[in-house]
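Mind looking over this structure? Questions follow.
Note that the chains are named A, B, C, D, E and F in the order they appear, and that numbering of residues resets to 1 at the start of each chain.
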Amino acid sequence: MLYNLIAKLDKKLNFPVVKAHCDIPCKIYDPISAQIAALTMIRLVDLLNELKAKPSLTLDEQAQFLRLVNQKEQHGLKVKEEITIIWGDYIKTPQLTQYPELHDLVHGIMLASSQVKQYISREAALTLLQQVNRFAEIFWATKKVTTFTAVCPYPPAETLVYPKLQA
Amino acid sequence: MLYNLIAKLDKKLNFPVVKAHCDIPCKIYDPISAQIAALTMIRLVDLLNELKAKPSLTLDEQAQFLRLVNQKEQHGLKVKEEITIIWGDYIKTPQLTQYPELHDLVHGIMLASSQVKQYISREAALTLLQQVNRFAEIFWATKKVTTFTAVCPYPPAETLVYPKLQA
Amino acid sequence: MLYNLIAKLDKKLNFPVVKAHCDIPCKIYDPISAQIAALTMIRLVDLLNELKAKPSLTLDEQAQFLRLVNQKEQHGLKVKEEITIIWGDYIKTPQLTQYPELHDLVHGIMLASSQVKQYISREAALTLLQQVNRFAEIFWATKKVTTFTAVCPYPPAETLVYPKLQA
Amino acid sequence: MLYNLIAKLDKKLNFPVVKAHCDIPCKIYDPISAQIAALTMIRLVDLLNELKAKPSLTLDEQAQFLRLVNQKEQHGLKVKEEITIIWGDYIKTPQLTQYPELHDLVHGIMLASSQVKQYISREAALTLLQQVNRFAEIFWATKKVTTFTAVCPYPPAETLVYPKLQA
Amino acid sequence: MLYNLIAKLDKKLNFPVVKAHCDIPCKIYDPISAQIAALTMIRLVDLLNELKAKPSLTLDEQAQFLRLVNQKEQHGLKVKEEITIIWGDYIKTPQLTQYPELHDLVHGIMLASSQVKQYISREAALTLLQQVNRFAEIFWATKKVTTFTAVCPYPPAETLVYPKLQA
Amino acid sequence: MLYNLIAKLDKKLNFPVVKAHCDIPCKIYDPISAQIAALTMIRLVDLLNELKAKPSLTLDEQAQFLRLVNQKEQHGLKVKEEITIIWGDYIKTPQLTQYPELHDLVHGIMLASSQVKQYISREAALTLLQQVNRFAEIFWATKKVTTFTAVCPYPPAETLVYPKLQA
């Protein structure tokens, strides 16, 4: 019932902006922030696994442990935030028509971020990075910018999708 | 190529949690926060329209004007945040199967929030509220909680979807 | 000495707004946000008690433990924030005359929130919820909105004070 | 009804901590942060009044105008936050018995901060500072620290209550 | 006097970590976040200049104007924050010996960010970007990563310093 | 290459403001906020050491432990933030000429804050306080305000540098 009302309102209002490629202000979108956050989660999991390898933890190491878990939490929120900004502000009908997988991919990134926040699992963190990389790949394609993959120049030395830039 | 890799990983990892109904910690989800934020945007638009009706603004009124616009901005972000938390943490395969409109609805709420942030438009704000109400309706239905509609007990006295509670 | 000065200034300035029922912008106040935050603290205490029941915690469970404590901390701040906003913006002379207990009640909520933050105690969390419920009861009464009590439609299934709405 | 329940629970629980002078962690309370924030609001009002004195504002001056209003808003929130932390964490039965004016004073600071946020009024900002100074005076007295008043060593060169320190 | 004490303490403590190349946790530093924030400020200045070109602004355009100024403010803070994190956490004696200009450069970025926040000036924003680019150039050099310059793949299409990555 | 460009631009633009003593808005700078934050870190280390002295920790004490570490983290960020604001907004050529140690001192405070965040060390926290005190000493000297040292009127009862005020 309510939904019908929305449908009617949509017809009546017929916002042209919702279908446009770009709102003013045309924000500068770049998936690199989400990619770095996902990368950082892998790195934090690696450091947490170093602590897990020890037979027991001193109080100082426990303090370090909780700082790492807190940072993992923060970067999980950052992945979610950066991806939903691009999805909710930039992705519109044309991009969705071209890449119908986008809704599922973004939703999957939300769930995967929660996973990496809740567990100390390198595989979960790697899966998240790959989903974020896939998002970057699509994003640049919708901008008609070619991409390539390269190992990032810092630990944990994982592969990222980068835009090919004109020197 | 990357995407195939993810598909393979997904099979290998086969996280049971992603398909579960509820993560631990089972957060308490309630769409009322998003509904109040959407309602507040309508109220702020009403107050902005009162200022718009004046032939010119004193500096004091201009200060008030910018405080209202800033608050509208904040509540637009709050709508987005509250909805994506429920969508990204609670909504999983079972809910999506039951309500296939969910991805489009949530994405529509993102776009509508941006609209209300960018314009001083009562119609846009009303449309947003109705989408958020529809989200609340579905949310409670997935919880098997009956809903009803009622006028909220404060300005702007618009209709909200509420869960029917057992006294 | 200073205080006399203030008293004199008060007389001289004689702000009418301080005694008014409503500032412009008339924000939309609703104690439900504070109630949900108090409820969440009970839920988090329940989850913490599940961990306490185990003979020892793995590192993964310790990570979960600290995430729960951090969330309890956050929701304790939220209770305080939501209550002081209503108390500091909406509650004025007329409401205080009608409900002279309000200052003590709000101050008690501050102290109780700190308690729940500092201890893992279901009783402390329950006491906080009841104080917040009492605040809601008074708040709606000052608005001449009837209330009723009902069990909230999610864990921890505790009783909340709700406004009675017109369908 | 609910209230009776709380009263009973209070008796049953009988938290000793609520009546204690100091929780662990014994935070370091200092009203200077609230005093500086109140002082800053006066300074911002002075700068806003300089702009008000001009016949009209260029767009650059309008940008400056809104930056000043935003800062005034921020410092109003800071006054409220700093005062409620001390009131809600440190002020307990012994301090309230000694200074029964405390609840009214703190509540008055909330209302006064809102006033200074909503208007460009030097008198309102000065009144706020004096209330915050009175709070500082009482705070130090409960700590048995003597105070003195002095002009602060920066604009707007208003009088603050300071603790007398042992060289 | 105090300073001598510090000097003595430094000798006594002789923290090895302060001189090390890398603390654990070895955070992932990347100047791209600061570069994007500086770029965004240029873009926002461009959009503000479009509004400045109009003979007068409607209230809707004034709302847009203040949203742009607020965003410029936010990104100015972000530039400062991102640069001081790298400077304060990663830059230590070896990097300072190699690039003695670093303190002045970072301090200059702080001042330049404030400039861009305070004025609507494309030249100021461009100067800031170039200082941030210089910082990126040095940062990558200390990591022994070669850099190249390229036009960024979005408006305002300015030149950035990028690390050369291995495909 | 880039750097030369900046040098040229600097000449061309020749911002007078960068060399001025004071921007408008002339913010109210006071190092006391950074000093209180550094003091708080010492206090938190003292409370952490009390827990370290126990043979083992209950879960309730572990919760307290993590709250203390989190607070230490927060105050470490606050020290950095408060110092960089004064350094980046107020300290300009005249102050740097008079006190050439300023860049090194501020950079040292960044590194020392990180130390105190990473370790439970009273000596590290004390060193940080002394650097912050030295910064306060210089700050007040540039303002031509005499300073004195006194024991702060709360735990941990350490010595602070205070401005000498006119009664």
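Here is the rule we use: contacts are C-beta pairs under 8 Å (C-beta built on N, C-alpha and C of every residue); 3 or more make two chains touch, one makes a residue touch a chain.
These numbers come from a predicted model, not from an experiment.
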| item | value |
| --- | --- |
| Chain labels contacting chain B and also chain F | A, C, D, E |
| Partner chains that chain E and chain F have in common | A, D |
| Copies chain B and chain E - rotation angle from C-alpha fit, nearest 5 degrees | 120 |
| From chain C, the most remote chain by mean C-alpha position | E |
| Which of A-E and D-E has more C-beta pairs touching across its chains | A-E |
| Rounded Å distance, chain C centre to chain F centre (Cα mean) | 34 |
| For chain D paired with chain F, centre-to-centre distance based on mean C-alpha positions, whole Å | 23 |
| Centre-of-Cα separation between chain D and chain C, whole angstrom | 20 |
| Chain E residues counted as touching two or more neighbouring chains | 62, 64, 66-67, 70, 118, 149 |
| Set of all touching chain pairs, with the criterion as stated earlier | A-B, A-C, A-E, A-F, B-C, B-D, B-E, C-D, C-F, D-E, D-F, E-F |
| Chain C-touching residues of chain D, taken from the complex the two chains share | 2-3, 5-6, 9-10, 13, 15, 17-18, 23, 80, 84, 87-89, 91-92, 103-104, 107, 110-115, 118, 123-124, 126-127, 130-131, 133-134, 137, 149, 161 |
| Sites on chain E touched by chain B in the complex | 59-60, 62-64, 66-67, 70 |
| Touching residues on chain B, where the partner in the complex is chain E | 48, 51-52, 65-66, 69-70, 73, 117-120 |
| Touch list for chain F against partner chain D, complex | 24-30, 32-33, 36, 39-40, 43-44, 47, 64, 67-68, 71, 140, 143, 145, 148-155, 162-163, 165-167 |
